[in-house]
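The following pair of complexes shares a single chain, chain A, combined with chain B in the former and chain C in the latter.
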Partner chain A sequence: MIAEEWGRFTTLAGLTAKTTLSSRKGAVTWVVALLPLYVIGGVIAAGRQVDIELFQILILALLSLVLVVTALVHGSRLFREELEDNTLAYLTTRGISKASLVAYKFLGYYGSALLIVTLPIVATYFLAAASTGVPAAENIEVLGAFVAMAAVGIAAFGGLFLLIGFALKRALMAGLLYGFLWETILPILPGNVPLLSITHYLRSIGKNLVSTGILSQWITTLDLFTAVLVPLLIAAAAVGLTYVLLITREIKSKD
Partner chain B sequence: MSVIEGEGLTKWYGEVLGLNRFTASFDDGITGLVGPNGAGKSTFLKLVIGQLIQDEGSLVVLGEKPFNNQRLMARLGYCPEHNRLYDYMSGRRFVATLLRLSGYNREEAERRAVEGMKLVDLQADMDRPLGGYSKGMRQRTKLAQALAHDPGLLILDEPLNGTDPVGRARMMEVIQGLPEQGVSVIVSSHILHEVERLTDRIVLIHRGKAIASGLIREIRRLIDDHPHTVRIGTPRPRSLATELAAQDHVAEIVFDGDMLTVRTRDPEAFYRELPGIVVEADISVTSMESPDDNLEAVFRYLVE
Partner chain C sequence: MEFIETVDLKRTFGDIVAVEDLNLRIREGEVFAFLGPNGAGKTTTVRMLTTLIHPTSGKAYIGGNEVGREPDSMNIRAMTGFLPEAPGLYERLSAARNLDFYGRLYGVPESRRKARIEELLKWIGLWKRRDSPVATFSKGMRQKIAIVRAMVHDPQILFLDEPTAGLDPSAAKTVRDFLVDLGSMGKTIFLNTHNLSEAERVSTRIGVVSTQLLAQGTPKELAARYLKPASVFRLREATEDVVQAVDALDFVEEVHVEDGELHVSLEDPQKGNPAIAKAVIAAGGEIEFIVEKEMGLEEVYLRLLEDAA
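Moving on, here comes the complex of A and B:
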């Protein structure tokens, strides 16, 4: 029984990861995810050193874009493409439970999207360190903060876009509005409004892990535990809601 | 034994009625679900595989309610009407992947995938990407994936659409052999002679309603009083019509160029007497066909 379920997990998560990493859309997100490398590589090629301050500014500026685009493209398509291509029935008429179907697809997405986002950040970090001659270990908490922000952000945005992709036919449009309006405007509004945006929690993670530079300047009262927990709960709730939709809604195909 | 029991099934798509108090029972063996496009065949089959849920009525498949029933789904094989597959995969990988999701280990899934592709005569192409498969090859691949996990009930939605003659013959051969292996089959089609070649047991569906079901010969009894139609090709249609009009059982003759459409109340007498008539009057007959000899006629009479 456990072996059967493990086989289902490796098959479905592996299939999802493979399409995330190697499909045409995957190639597009690789191009976007590599932006930090182009930008910082370009700055270094222009003869300027990229110290840890500049590294923080550049990565922070690009991280939101990379996170939203990667999560939107790959999270929303997990079920949307199956629904539009009428291929979901191939999966639902097997022995796999619908809970496993949602969970394994999401985990496959999570692992591969995390790779897409973090690999360029890690590479860029070492490139920047090499440009200044500062040992890479010296500012490793900055790299750790960005990786943690990416890990939590990929889960939270991915969960939301998974849900949007299942529930809405125009998932990409809805996701773009959410990702680039809601998540851009709400974090900078006064009072408790930023608590309604995932970006605020991600920036709070950075603030809690780094004591210098732009990451440390974010205004927040959230501790690290809360800043990590809330986005993960959002991800879990979105994945759970997708499962509820899958077991309660009919699958109306176009044929 | 009944494998599917549908009672008063009604399904709405917004304001469009997909099924209208559809009541039918499907026994083990092969049963054809026959009706024109838009009759409700796919809607009914999607209720069976739990993709849709009825607004009214009850549906029992292999003794269980299908919606959200994963245990039941594992016992079904489903071949959808559309030809969408995972085009980036090879045929073998596609079947093996679905077998893995059915719970088979890697080796067994690979073995069954190869066997499945061989069964539908696709062994030579099984490692090519599905994106390059023809319609007929896709149909055969869908059949392979539907059968590879040894289902107890196979649901085939228009399985022969787009198949070439050789592939079609192979698929029919495979489907016809399934009842011997304990697999019940529901096969839908709007091409009536296809179903007639697979089984003599049918359910006729029209505008969402089951209008007749049972053995074709039993259904024929329902229309015994309806005139039988024969189309005859001849270079002398008027002469032949004159001779035929003298027969008591001939109810109507319609001219259509070199073709005569004759309606008779006594087919046996008509076929017995026709050779004598044409020989005696020296009229040559270039072709003869009876639309009433196939399922099409039964269906048409019942819905008229």
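Moving on, here comes the complex of A and C:
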């Protein structure tokens, strides 16, 4: 029984991961995710050293964009493409439960999208360290903070875009509006308004993990636990809601 | 043993009743054609039986498992194969990868899966194209892949929804031949179709539906039940005198001339034909031959739909 379920997980998550990493859309997100590497590589090539301060500024400036684009492109298509290609109706009548279907697809997305986002950050970090001659281990907590932010962000944004992708035909448009208006404007507004944006929680994770640079100056009242927990709860709620939609909405073979 | 059973099955979409009071009993190994016009509720019925949608009321059982009850639904999915109206194949994946994907989801062990995929692709003549993406296949080829996809886990029951719809005549014939082969393998097949000759050729029993089940039985049983027997008298000349003489016989229910032949409806042709022959000859007619009129499914079908309307 467990072996059979494991087989279903590897099959579905594997196909999702393969599509995420190697499809044409996957190639586009790789190009976007590699932005930090181009920028920092360009700065180094121009003869300037990239210290940990500059590394933080550049990654922070680009991370939101990379997270939103990667999660939007891959999270929203998890079910939207299945609906548009008429493959979901068949899939939901086959030997896999609907809960597993949602969970395994999301996990397949999560692993592969995380790889797309974190690999360039790690490569950029080591490139920056090499440019200054500072041992890579010296500021490793900064790298750890960014990887943690990416890990939580890919889950939270991915969950939301999974839900939007299932519920809305114009998921990409809705996702772009959310990602680039809501998540850009709300974090910089005064008072408690930033609490309504995932970006605020992600930056609060960084603030709690590092003691130097721009991240450490982020204005937040959130502790690390809350900053991690809330986005993960958002992800879980969105994945759960997608499951509810899947079991309540009747999938047509010609949607 | 009843393998598929529905009891007062009903499904509505808002105010529209798609299926009503559906009571079906299909035995193991039967090829059951579910025949009806567009909008008769055929697809809705298959979607209920394959656990894709819930019934509004009534019950349905597949191999003793109740449709709509979650633990039973998983058993139903494991024991059934399904060809939906739209094949819904992964276009970017090859034929073999499509089959492998679903074989894995069914938990078919790798060694058996590989052998099964080879067997099925060879059977449909697409083994040489096994590594080609489905996007490069013709409609008929995709349909064949979709049918064998439904069989990759060797299910006991196959639900096929309009398997030849939208195919050109040669592809449709290939798929039909294929269904005859499937029937001979002893699978229980539930075939949705509005194609009468397909139903007649492929199935062992037929159900005619138009929201409600209008009739079920073998084509012969349906003809016997719903059509009057008739004899056809081929005459040298079908004159008005001959028609009147035959019509005057008590036991004759209806008589008309069609393509120069006298078509006579009556309860018992064996008993009545000699008297009709005598009446024809007495009226100056010359009989070339007498045959029993063949009662086609088409006549039964049209009659049932006409009555239902």
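As a convention for this text, the second predicted complex is superposed on the first by the 251 of 255 C-alpha atoms of A that agree within 3 Å, B and C clash if a C-alpha of one lies under 4 Å from a C-alpha of the other, contacts with A are read in each partner's own complex, and residues count from 1 in each chain.
FYI, contacts are C-beta pairs under 8 Å (C-beta built on N, C-alpha and C of every residue); 3 or more make two chains touch, one makes a residue touch a chain.
As the structure is a prediction and not an experimental result, all values here were calculated from the model.
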Quiz item: Given the superposition on chain A, are chain B and chain C in a clash or a fit?
Solution: clash
Exercise. Check whether A:94 is in contact with chain B, with chain C, with both or with neither, and answer first, second, both or neither.
Key: both
Quiz item: Between chain B (first) and chain C (second), which, if any, makes contact with A:12: first, second, both or neither?
Solution: both
Practice problem: List the residues of chain A that touch chain B in one complex and chain C in the other. | Solution: 4, 7-8, 11-12, 15, 19, 23, 85-87, 89-97, 250-251, 253
Quiz prompt | In the complex with chain B, residue positions of chain A that touch it | solution = 3-4, 7-8, 11-12, 15, 19, 23, 85-87, 89-98, 247, 250-253, 255
Quiz item: For chain B, which residues are in contact with chain A within the complex?
Solution: 13, 42, 46, 49-53, 68, 70-71, 73-74, 76-78, 80-82, 84-86, 88, 97-98, 100-106, 145, 149
Practice problem: Within their complex, state which residues of chain A touch chain C. | Solution: 4, 7-8, 10-12, 15, 19, 23, 85-97, 250-251, 253-254
Exercise. Please name which positions on chain C make contact with chain A in the complex.
Key: 47, 50-53, 74, 77-78, 82, 84-92, 101-102, 104-107, 153, 161
